[in-house]
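This report refers to the structure that appears directly beneath it.
Note that the chains are named A, B, C and D in the order they appear, and that numbering of residues resets to 1 at the start of each chain.
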Amino acid sequence: MSTPARSERGTHRRLREEVAALHGHLVRYQLVTWTAGNVSARVPGEDLFVIKASGVDYESLDWRGVVVCDLDGNLVDGEHAPSSDTAAHAFVYRSRADVGGQVHTHSPYATAWAARGEPIPCVLTAMADEFGGPIPVGPFAIIGDDSIGRGVVATLQGSRSPAVLMQNHGVFTIGKDARSAVKAAVMTEDVARTVHLSRQHGEPLPIPTDAVDKLYNRYQNVYGQR
Amino acid sequence: MSTPARSERGTHRRLREEVAALHGHLVRYQLVTWTAGNVSARVPGEDLFVIKASGVDYESLDWRGVVVCDLDGNLVDGEHAPSSDTAAHAFVYRSRADVGGQVHTHSPYATAWAARGEPIPCVLTAMADEFGGPIPVGPFAIIGDDSIGRGVVATLQGSRSPAVLMQNHGVFTIGKDARSAVKAAVMTEDVARTVHLSRQHGEPLPIPTDAVDKLYNRYQNVYGQR
Amino acid sequence: MSTPARSERGTHRRLREEVAALHGHLVRYQLVTWTAGNVSARVPGEDLFVIKASGVDYESLDWRGVVVCDLDGNLVDGEHAPSSDTAAHAFVYRSRADVGGQVHTHSPYATAWAARGEPIPCVLTAMADEFGGPIPVGPFAIIGDDSIGRGVVATLQGSRSPAVLMQNHGVFTIGKDARSAVKAAVMTEDVARTVHLSRQHGEPLPIPTDAVDKLYNRYQNVYGQR
Amino acid sequence: MSTPARSERGTHRRLREEVAALHGHLVRYQLVTWTAGNVSARVPGEDLFVIKASGVDYESLDWRGVVVCDLDGNLVDGEHAPSSDTAAHAFVYRSRADVGGQVHTHSPYATAWAARGEPIPCVLTAMADEFGGPIPVGPFAIIGDDSIGRGVVATLQGSRSPAVLMQNHGVFTIGKDARSAVKAAVMTEDVARTVHLSRQHGEPLPIPTDAVDKLYNRYQNVYGQR
């Protein structure tokens, strides 16, 4: 554990402040309940990442509620025990050098698909844009060791989706940075809900594969400000 | 009834302030409508508890809207008549020395299960964590005497769930303190909604019993800050 | 139309302020969209009532957006044309001396029942408390003359419910004052939603008639502060 | 691109401020997620329109996030690239001189209908008022060229509806000005949700065509302040 003196200054304070603030999106979009859910970010150029502490309230969350861990998930700086999902985040950072940020939620519509172990089909242009195809389902895995991290990495292998639905559990997303992973988590719940609603009165129409490809390539390369 | 002089000071003011503030979670998570719902807390070391007064607005709720009762439900201090659910809370405090807080709501998804008299199956890891199994259903009982309290106590006997769905009525939760009972009420609506949504497009996959046990034991003993 | 001088002072300003503020509940509980919906209140001791003006934004609504009408629905004081539902409110005030306030909304779950022309069955204790039975459905009626008012009065005849679902249209509620009618509108949407959700996975259990009667009588006579 | 000096002053600043502010309704009614969705307005008396820039956050949106384009969709003033839907808006302004404002969203209930390619039937009086009939569905079209604009114009030909559901995509609305188009987008989601909910428990009752006509004509000519 860090000494009080050390943590009053706190290392990586700017990144911890940024990650603390990004949790606000999870609250605003109602992706999280009570203290569940978390955002993490790799520390650029170091074998470290920052992640929400375990069981911390969103209302009082500031940089002190975001702690620093090494890539084995050991606490390196901060007053609080790290999220109970730390081992999963650590595994993903170790396995994929391209991942700079991760998010985990139990957002309700997406978790409803996860509880059935059913991928979300790509029937919306917004889904083609962000996910480039269906959102896949990962295995049932118990929290606390590498199982969840392994499941996330294996399931995202060969998919363009930055999101995976872990069976009976919830959503894990990755991104080049924490903000991208937060966006993916927000969009996952959005499309999970719209496709859920659509199927309640019939079958949504499929989007041809080549149109999905065109939409994905355009959105990834043209959308937004350059 | 308390004299004005007595209640301007007010006994147990700190606990009443805390309980008044905890009602804010019921509003924020949209578990309550108009003046329905209530939180209570046992007064540590005394045969008393504090509970929301009957028909008081959430917007203007402060410590004056939380009154002090003895374990038979009689008003001991406060300007207002206690909640019409006071007899139920009192019965639970008399029957279970381990209960330090209780919450009652008509939160919509959970009450939808209650209206069918159907327990919520444990098909989410978040549900295994908090409830350790299904959320059970208690009997139909008329308000005003011991019936509801008896139903709550009998139904929670031999269950790890801190929540019970009273048939055609709503949710009652218990906890070691009022905050724990509030958390249980919030999580009850959360899982009631996700499982409801999941079943709209098929049957959610079951979680093996030993996995439920492992998740429950880990969450109760490892999660959060020690 | 009132002269500027007259309306700057404004008659019945206190009641118009109160009614303007009561519209805040319609917004908070998401019962209204854009400028739809309205609250009215009888002026005690006069053959007048106050009602929201037509097409006024909720965000800028103050006493000036609530105008004074006689019981034939003619504007008596105020700068704006009264609500297009004024004829309906006027008919109800003329027909029922016991009604001191009315509310109209298109709240989504209740209007979903109204579009099918289906009454909401009384399967929740909260519904027995407030409505004393099912919420009935009134006829399809065109806006602009007495048709809606006649339908409301005829349908509520012989019902304990303060709310009626007008077919393909929405909710009309009555009360001894405007606040009671607002409460009824809020509770109508709340129970419309819970019963809707409950029926999505089976049939809600009925509540025996004598239990409905007991709950209704208790709530009307014992609940709240005396 | 505009020079800093030019854009610090900014042309058409008043209209850009108004359009920036109108986006607040999309957020308030939860019609948009992350940076998706946009409002545009024709510049009166000029062959120009203003539109939200691409990928701009709603939280920080001010007049600088609304840029000026010509009717071919080329940027004329502003620091940011225009919305990726600019070609669609431009096509509609070129084709229909009566259109002064447009809105695009992926609002969830309306997009659920769009994903099935199913028009929303006119079974609510509020729908007859605003849309004068069903809300029609346009073709599947890829973003980036005239396809979406052509689909919108062709589908609204001969319909009284100011809204079209573009298949697998979302909502496009038109109006005499931007505020009217925003209102249409808000009402589209409102009626999409209520009709969706109504059909979950049976078939909504139809409204006779002549009643739809009467309601539409009255609402367009009498409702609101003159």
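Here is the rule we use: contacts are C-beta pairs under 8 Å (C-beta built on N, C-alpha and C of every residue); 3 or more make two chains touch, one makes a residue touch a chain.
Protein identities per chain, from UniProt: A, B, C, D = L-ribulose-5-phosphate 4-epimerase.
These figures come from a predicted structure and were not determined experimentally.
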| item | value |
| --- | --- |
| Set of chains whose contacts include both chain B and chain A | none |
| Homomeric contact chain A-chain D: same or different residue positions, threshold half | different |
| Approximate Å spacing (C-alpha centroids) for the pair chain A, chain D | 31 |
| Centre-to-centre distance between chain D and chain B (centres being mean Cα positions), rounded to whole Å | 45 |
| Where chain A touches two or more other chains at once, by residue number | 200 |
| Inter-chain touch pairs (all) | A-B, A-D, B-C, C-D |
| In the complex with chain C, residue positions of chain D that touch it | 29, 123-126, 183, 186-187, 190, 193-195, 197-198, 200-205, 207, 211, 214-215, 218, 222-226 |
| Complex contact set, residues of chain C against chain D | 33-36, 53-56, 80-81, 84, 106, 108-109, 111-113, 115-118, 140, 142-144, 167-170, 196, 199-200 |
